[in-house]
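Think of it as A, B and C in the order they're written, each chain with its own count starting at 1.
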Amino acid sequence: MGAYLIRRLLLMLLTLFGMSVLIFVMLRLVPGNITDIIFDSAGFVNPAQKAKIERQLGLDQPIVTQYVRWIAGLARGDLGYAFVSEKPALDEILPRIPVTAKLAVLALVFSVLFGVPLGVISAVRQNTALDYALRVVSLSGLSLPSFWLGLLILMACVQWFGWIPIYRSTPGSFWSELALLSIPAAAVGFRSSALVMRLTRSSMLEVLRQDYIRTARAKGASDPSVNYDHALRNAVLPVVTIIGIEAAFLIGGLIVTETVFNIPGVARFLVEAIRWRDYPIVQNLVMLIAVVVVVVNFVVDMAYVALDPRIKYEE
Amino acid sequence: MSRVTVIDHDVELTRAGANVRGTLGSVLFFARRYPLGAVGALIMLVFVATAVFADAIATFDPLTTNARDSLAPPGGSHTLGADFMGRDMLARIIYGARISLAVGLGATMLGCLAGMIVGLLSGYFGGWLDLTVQRLMDIMQSLPLLVMALVMAASLGPSLTNTIIAIAIPLVPNVARVIRSNTLSLREMPFVEAARAVGMSETRIAIAHVLPNTLAPLIVLATAQFGSAILVESALAFLGLGVPEPHPSWGRMLSESAAEYVRTAPWLVIFPGVAISAVVFGTNLLGDAIRDMLDPRQRF
Amino acid sequence: MRARLALGATLFVLAGVLGGTPALAQKQGGTLRIYHRDNLPSASIHEEATISTVQPFMAVFNNLVLFDQGKKLNTPETIVPDLAESWAWDLTNTKLTFKLRQGVKWHDGRPFTAKDVQCTFNKLTGKDTEDDFRRNPRAVWWQNLKEVAANSDHDVTFILNRPQPSILSMLASGYTPIYPCHVKAQAMRTNPIGTGPFKFVEFKRGDSVKFVRNPDYWKPGKPYLDAIEWKVIESRSTRILAFVAGEFDMTFSADVTVPLLKDVTEQAPKAICDLAPTGVSSNLIINPTVAPFNDAKVRRALALALDRKSMIDILSQGKNALAGVMLPPPEGTWGMPPDALQTLPGYAADVEKSRAEARKIMESLGYGPSKTLKVKVSTRNIAIYRDPAVLLIDQLKSIHIDGELEVIDTSIWHAKVTRKEFSVGLNLTGVGVDDPDVNLYENYSCGSERNLTQYCNKDVDALIAKQSQETDAAKRKGIVWEIEKQLAEDLARPIIYYERSATCRQPHVKGFVLHQNSIYNNWRYEDVWLDK
């Protein structure tokens, strides 16, 4: 197990390293850099001034030099200076993380709270009208564009309540902030909850068919206890997988939802930074996302081992 | 108290498809066996027909502007209303089917083709190729689909082909993964051994014997990716990075400029969203049924 | 008795003079809440050319002189003292001496002196090589400024190469604040220090910008507000909804477009909305160096095919202003009224007749319904650029031109245009001050950086210089109209319209008058108070 862990960690580092090179190169393939953008806002281009700024920002150096400087800085904890705001990139990224994290956690909580019970019900009442109805609902969750859902919710809020959920960075209490965030969290989490529902349903069905349930029934245990005790515990496993897979998808959903609901989080910041060609921000943010995805996958794999002793990693 | 199940063999055989005759028979059999799948297929058919026969169906030209009808509500000459420049919504949705399906289909086929080739080569030939490819796929999978597509779309610039490429590339790792694992198990199968013994070249074995057997999971995957491709296209368009004017794209109809009129003209926001959801819904229904049919182990 | 009466009268007059307007009921206190669109690149007004920077940060500074914040139109007659108490030209009209106010302090406590004026203009004219601006978009405004001499701590003289009456208008613009000597240009981009009514507090990109009252402001009693808070909302529908719901006191400048105005006035009937020109024009840039527009005949056909009125009707329900180069009356002082415009080539009222003529031209060149000319129409990937482009393509169909929209990403737009990699493009131009020197020098003079098509006509340049020196306003206007005719004939940058858009405020916001011929000079906020 120890050897496996070390191998795994090395692979993770390799993956992250590869991602750093990939994003670094992709960004510089993008036509136009920050000087084009800031000159555009001034309405003209002055080649001499442009070249001077590029020199100041180090953009005239060969790509390899720029890359090494960035990675060396990362190792020291120095993420470089944001091009647009001229402040340290870390100071721009860190304050935006909490609200996105809260949104993500709320969305995951929503998806589990909503998805697991409905999935169980759907499995237990398989092939009934209720099951079909729930399957249609879960399928629609996978089919709706999440930003459209967000727009519709916004429209509904304004139309029916005459009120618009605007996020304020200094809200009242913890609970009022939570309440305000729950609306966009529902928009993001709807799709995840659909996936959780489907997965719970199918793994419940698998388990319900298995021998030991029949054995338990033959031993005389009453139906409800058989369903929720034995079955649920084993059905949890794939749900853990889904959380891992969803971590990646959730970030995409957060990007559009933060845009629709005007939340100053890290996901929306990524889109802005790409628009501004703010390399330090985009590079570091993409690395952050990659780290999150890779770490979550790792944690999920380890949780798998912990939850099901039959699984051993022997690659 | 045990319940006794009586097995009627004739009924079971018919149910298993033993009595199916002809194409119509197969279709009806599929429809009866997988009703939801049939609904999905029907939805897809409607949209494909709309896209193909757009010229015949639409009464308005989707690009013609008209000051008088600016922001006209649904009803009257504009069945689904008109947008800010007086362009007919119904016509734009009909022609939008072309764009959205083109992007979805194009990206999915490109991504699945590339993924299949990569996965097949990697799984079949193994060794250094496999290791390198696996790491590359790992790297590409460490970013969510939308983020990858976002960076690619920003770097390639706004155009129809670029959008297809930007969505196709992030789809490759998933496909490659599945095809690779399938290839790995197929590689050890007896019929492959037999072919080798007969003296068939590795390439021929790969293409003629292993490939056809990976098609089933590929089709299942492709239907799932198709839905994702359409959703990502609409998200890119919403963020301003998708298919540019004047192609009427559903995603762009929902973008910022339409969102301005969320209260004055809600039909601008509702109908394109319904169209996107319907297509993806149909794909998912169909995909579920196909998966049930081809590969029951992946039951969802 | 008479003494007391006289004293009372004097005090009353003094109060009127000092207070500006006769309204004596201003309430102190309160925070003004405004929303921001956020394309805000930096906080340094001198380095930017966008309303996104000017509107929030103008409150931090003072100018030498300013357009009266209480009058609707910016004209030379409405220029009032700011940091300069008085000014006078010398006999040659090339030396303008300002007497500066005493006892004014920067926000960090240092005293304001004539040296600060000198430093600011050294940076603007490129004389400061140690700490210059990263970008200097209005360098062309000061090309006639030889030097700024600080005669004493409170006395400066602007020395020009030749007479230029417009120099005062340029000094009165929101784009010409006075910067401190002792703060570096880089700091002014992130933490600006000024002498103005409000102090900069913080700028959280994508979230908010905050300003607080300057208690040591040199105008006693002002500002009335305690603070100004800007909240960044990128989606127009969200922010207008928020305004209607009462979350904000004012909208961003010109944010309520004509199509949305009706909705806002219905949903918020008590709000005060002013529809006014913004000084931004939508125009065409034509590349005369490559086919097809290197052929003067094709250019003429294009000009004849334009149906400006139809575009104005569709995009703004008829409210945008039909215009030539200068903003037209009633708001503009220099522009041509509709009847004069019609004499310009391409502005004829009978569009069908013009189009018929254009079709004849195209047919004589071999084009017809079956053989159309394929042209790329380039523009930026933003709705306000795209929409007119789409309409243009529609209109070109009528003269056998098959236009294809080419959407160019913002980051490479200017590079492409500078390299002349376009045939015809749709462009937006913002003019800081309704003044011929500003507009003509920036956009049409040979070698100007903002002259996108690098249009260069020596005769026009001579005319521009001639009107710049002309002190008689009526004569000057005549020369400007001559320039208009020439620019229209050359198709230098055909203006499609000057846009009109609305700025709204809640009824409790008092003391604010919206400028009607420019959006860039309006935002000192020192007279604004909240009646709550």
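Everything that follows uses one rule, which is that contacts are C-beta pairs under 8 Å (C-beta built on N, C-alpha and C of every residue); 3 or more make two chains touch, one makes a residue touch a chain.
These numbers come from a predicted model, not from an experiment.
Simply put, of A-C and A-B, more C-beta pairs touch at A-B.
Averaging the CA coordinates per chain and comparing them to the mean over all protein CA atoms picks out A as nearest. Spacing of chain B relative to chain C, judged by their CA centroids, is 49 angstrom. Distance between chain centres (mean CA atoms), chain A to chain C: 43 Å.
Separation between the centroids of chain A and chain B, computed from CA atoms only, is 22 Å. Multi-chain contact residues of chain C (touching two or more other chains) are listed as 235, 241, 409. Shared contact sites, meaning residues of chain B that touch two or more other chains, fall at 154, 157, 259, 262-263.
Counting only residues that touch two or more partner chains, chain A has 30-31, 154, 158, 259-260, 275. Note for the complex: chain A touches chain C at residues 30-33, 36-46, 49, 52-53, 84-87, 92, 95, 154, 158, 162-164, 166, 168-169, 259-260, 262, 264, 268-269, 272, 275, 277. Against chain B, the residues of chain C that register as touching in their complex are 235-237, 241, 259-260, 262-263, 267, 310, 313-315, 317, 381, 383, 386-387, 389-391, 393-394, 405, 407, 409. The touching residues of chain A, when paired with chain B in their complex, are 11, 14-16, 18-19, 22-23, 26-27, 29-31, 132, 135, 139-140, 142-148, 151-152, 154-155, 158-159, 198-199, 202, 205-206, 248-253, 255-256, 259-260, 270-271, 274-275, 282, 286, 289-290, 293-294. Chain contact summary for the complex, chain C toward chain A: residues 39, 41-42, 47-50, 52, 134-137, 186, 189-190, 204-208, 231-235, 238, 241-242, 245, 247, 409-415, 418, 429-430, 449-450.
The touching residues of chain B, when paired with chain C in their complex, are 63-67, 70-71, 84-86, 154, 157-158, 240, 244-246, 256-257, 259-264.
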